[in-house]
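Please find the structures below.
Across the two complexes that follow, subunit A remains constant while its partner is subunit B and subsequently subunit C.
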Partner chain A sequence: MSSAFPSRPGALVLALALVWGLGCERETRRFREVPPTATPGSALRLSSINPGPAVPDSTIRSTYAENAYAVSEGKRLFTQFNCVGCHAQGGGAIGPPLMDDEWIYGAQLENIFATIVQGRPNGMPAFGTRLATSQVWQLAAYVRSMSGLLRKDVAPGRADAMQAKAQEQATTEQRPEESTTPPQAERP
Partner chain B sequence: MIQFPGEHSAHAPASSQAVLLDRLGEQLYGIGAVVFVLVVGALLAAAFRPRAAAEDVEDPTRERRMAAIVAAAAGATVATLIAVLFLSFGTGRELTGTPPPDAIQIRVTGRQWFWDVEYRDSLPSRWATTANEIHVPVGRPVVFQLRSTDVIHGFWVPSLGVKRDMIPGQETSVWFRADTPGVYRGQCAEFCGYQHAKMAFTVVAEPPDRFAAWLDRQRDTARTPTDSLTRHGQDVFLASTCVMCHAIGGTPAGSRVGPNLTHLAGRRTIAAGTLPNTRGHLAGWIVDPQQIKPGAHMPPNALAPGELQALLAYLESLE
Partner chain C sequence: MARVPHVAVAALFVAIACSSSDAGRSRSASVGATASLPEADTSSPVRDSAGRFDAGQWVMSAGDYANTRFSSLNEITTENIRGLKVAWTFSTGVLRGQEAAPIVVGSTMYLVTPFPNILHALDLANPGATRWSFKPGPLNAAQGVACCDVVNRGAAYADGRVFFNTLDNHTIAVDAGNGKEIWRTKLGDIHRGETMTMAPLVVKGKVLVGNSGGEFGVRGWMTALDAATGRIVWRAYSTGPDAEVLLGDRFKPFYPADRERDLGVQSWPGDAWKVGGGNVWGFVSYDPDLDLIYYGTANPGPWNPEVRPGDNKWTSSVFARDPDDGQGLWAYQWSPHDLYDHDGINENVLLDLEWKGAPRKLLLHAERNGYVYVLDRATGEVLSAEPFHHITAYRGVDLRTGRVQVVPEKEPKSGVVVRMICPAAPGAKDWQPMSWSPRTRLLYIPHQNLCMDFEAAEANYIAGTPYVGANVKYYAGPGGHRGELSAWDPLAAREVWTIKERFPVWSGTLATGGDVVFYGTMDGYFKAVHARTGAELWRFKTGSGIIGQPITYRGPDGKQYVAILAGVGGWSGAIVAAGLDPRDSTAGTGFANAMRDLPQYTTKGGTLYVFGLP
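This part shows the complex of A and B:
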């Protein structure tokens, strides 16, 4: 055996482990908050600098922005909570479009979370107390998928209603530009 | 004939349609029993019959007699199958016939994972919306208009003999006339996701005057809170996550994502027939629904104890 792997079964096990490791995290369905009582304050960080000793990094990204179930839930809520009433299916109407490369208040997951929770001048309501924290993260992750900022295997690939645009999965990435948020205010 | 009582039993028929189905079932069982006895009898007769002598086997009259018996048996089989076909066809015709014109129309929408129930009227102000509990009058035909907004569900009440799929984008309908007052259990009969097994509902068949009184109450808006605790509860409802999905008639809460709660306290169960409607179960369901029905679309609600008690008092006042 002069192969790079010790043996054929070994290579197979390694391949299966890789598939399992990558596939399951993407598919894991978390129904309960981790921790169940998470409040926006404890999870939302717009800066990587903090006073005192370093705290462990938040798992928000892997839980929501890298999880296909969370993003598809966000897609369902986007219609049910009537985000489409102002933003349409991402193209924008009386609210700004969400599928382009322009972000007024930052394109990071945390920026979108803050925008939904706090509301923004000229029309965006503050949904803070009306939405569960998990729902806001799901919505924020879905909003990022609309302009192709999520991995292709995570972004939704189906729609239950008639659609005038390509699925989020098939959207080409729109690199965020023209943000009026100073770079240091966006989470690095 | 033999009945197996229970609120969820196809062998305790409680409606016009269920009686027809039950009768068909008994006819088929009866025919099957006769056929079974004849076949086993023939088999036993063949097994214990004395062996024929060699010259008898060659006998042409015996050969003709045997051929006639086989032909008669084949003919009887075909005739029986055709009779069964006609019985089944006749029952199907009676079951699916056009409902009488004086029937009550009830619109049921299957959702992941509950049942949205609407009693419509020529006057839209008299429409009533409820969820998971359907009341019907005894002795009057009821037509169910069945729809779905997400995946395929199955509307099934075994005791009342109705079962029909609810298909997104296609309205189906089914009708029956309840003959026996009682409380019957319905269940989703088409796998529809995580909480399919706990997607149940209640059908209450009651005398026409009680049904009319119930429907009148359902048409009303919700009771206005009178004391400070329930008033606080209403404020909690309108300012928290509840209001994003649930509607309560007469308040600004008008979302149609989750079940309508206008007359919640009058229902027997909560969470689509899963839990009895008591204060403790309601509290557990509000605080951590994912513990009770993982995957359900209601999020956990970490309310402060005082707010939760006020909310419970308010919800319990919604009769």
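This part shows the complex of A and C:
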């Protein structure tokens, strides 16, 4: 054992370099979450046009979307609050798929936050006060990870349940489609 | 003999229907005609002197009370069917799964669309013209608690009125003449995950309806409404104490184990029966001689069986009840402690046949668990239960106890993926109704060929959200085809012929006096086959996959027509109708995995096709 150590200095350097290199890619671990702002506020928009001069997009930089622990909590809540019953593991069932590039009510984190809290007219329940604000942000971050919109090192890498699809970490980014038609347009 | 007066009533009915059509689309004229309907003796739909419903009409989804879906009309035969052509079409305006049967009364066809449940009245004398359309305006949010697409399985007619259910739990009576609402009764609550999708049956002046929601922990019930006023006459729950299941002194189930009190509570842990499912979303049958209605109850909730030890009565069962007061006469549980979402709601076909040398009143049922059951419908005794599908999850039905024998290795467990369970959750056959021809003495069973992987998982009850607790995915069973149409001899308990289809045969079947059997496929073909041989005689490519119920009627011109709604959807077709993503093999509660190539064969639709000979 002891003789093997000095005889393989190259391997040791390589291993250290690997550890150092990978570690550098991980997000900073926080042991206490910063309370988020309560609502998405003026950042929330569902239309790409606005009256008057163009207004620059302002998106919330949520710490939750950059934190692997928060996203994995979102994944747990996704099952616990029965989101999985309607959206399956992203492929959809009663509700629409979440792993594709179609976003009826917006792909931004604050859009997803609002969708969960307010509900949507064609059947999405308004979870409102059933969830703590921090949980909604965690869920919203996880929902974005389902279509590969989060950093790979933040997205969940494994599931405890039956393997049904590529893990979020291995999901190719699905660029949000701008021209999704809301389902009620089908109504006569 | 007692039915002779019905002939007169029938004649009167037809005359009135025709006169209202002659009055064109003038609403006031129609009102006058409808108002002149005789008060008495019209609660049972039009029948001929033999007690059969007038073959020229189709006044309820199944065609008759016995649910045979057989029409004696024989103008279209195995010889001349090659000339069958489209007579006219009608766009429903809704692009979701079209599971409804159109109904035909006099010279009017009525059809109800998927959500938003528009009731269209079409003038058969002026094909394609809409007499009126009634929009009930169901709540948008109801779409979020409909487990398997926002379907509706059809309307029913009686006494100058059309009855149908809305997804948001209203039963509505509409004046058949002018399309005005007569009454509407709210029966359930979408905030508990409750919906209504089934086709009502009208028996003795009562509208029989049931609820859906087995994937939301909704407690199942059947309710009888007064056809005249919409008042609730009785409600029988499928779970809970006998007083609420309406089981009293007259309740005499055949098997001794079923005779204990309050089994709807005792066979559940704690209060689990309150969120235990057993919904009533299939077709209802009626036997006028025994004066009994028959219907099945759906799966227990949640799917994860570990959290509900016990038989979970009376889910996945069949009830025989008195239509007047709802009291149960007998019940039988197809799948005690159901393990696989094997609902018991499939239709019950009532036949009087000679069984082992003696005439017997039979009930025939092709169950999700893969067996064709023959029951004595007077007593609830199982006479025969033979497999019509590849089965790995059960070892047969013990005829001494009536219990289906489960295979322990295939029982779901939390955190374990149990593979190759056959039949899959949609069963060997789902809701899609079979037909019976008294000419060939065969059942025509539309079904699927699917197996599944099943992992039991955590299930949290949150009212108004899914209560399932299972990760599942389905795939084709042995042979690789996913659907079949099988002709089944119930007396010999054997398959006579079968036709393999690429996709599940999710449409109903129709048998006619011309020995032709009609059905549709999910890749959009409407097909006619020879009732005796299964040889394909004719096919027509419609605009979308077919999951509807074919019907036939005699038009105002005296010719025979066949009608079918095309428009893919339902649980099996949700991958197209709801745009599911099959990269997740659990999408659509596991069904999208088995249907991943369907989008290459069909797009959404919603069109009625009517065919006739030139």
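Observations on the model:
Assume the second predicted complex is superposed on the first by the 116 of 188 C-alpha atoms of A that agree within 3 Å, B and C clash if a C-alpha of one lies under 4 Å from a C-alpha of the other, contacts with A are read in each partner's own complex, and residues count from 1 in each chain.
To be clear about the criterion, contacts are C-beta pairs under 8 Å (C-beta built on N, C-alpha and C of every residue); 3 or more make two chains touch, one makes a residue touch a chain.
Just so you know, these numbers come straight off a predicted model, no measurement behind them.
Shared-chain residue A:80: touches subunit B and subunit C both.
In the superposition on chain A, A:88 contacts subunit C only, with no contact to subunit B.
When both complexes are overlaid on chain A, the residue A:170 reaches neither subunit B nor subunit C.
More subunit A residues lie in contact with C than with the other chain of the pair subunit B and subunit C. Once the two complexes are laid over each other on the shared chain, residue contacts for A:162 go to subunit C alone; subunit B is not touched. By the touch criterion defined above, A:97 lies against subunit C but remains apart from subunit B after alignment on the C-alpha atoms of chain A. Touch criterion met: A:124 reaches subunit C, while subunit B stays clear of it. Residues 80-81, 130, 160 of subunit A lie in contact with subunit B in one complex and with subunit C in the other.
Those residues of subunit A whose C-beta lies close enough to touch subunit B in the complex are 29, 31-33, 36-37, 39, 76, 80-81, 129-132, 134-135, 160.
Note for the complex: subunit A touches subunit C at residues 79-82, 84-86, 88-97, 99-100, 102, 119, 121-125, 130, 160-162, 164-166, 184, 186-188. Across the interface of their complex, subunit A is touched by residues 150, 168, 239-241, 243-245, 257, 288, 290-291, 294-295, 297, 299-302 of subunit B.
Listed in rising order, the residues of subunit C touching subunit A in the complex are 93-96, 116, 118, 140-147, 215, 415, 417, 453, 455, 457-458, 460, 462, 464-468, 471, 473, 574, 578-589, 592.
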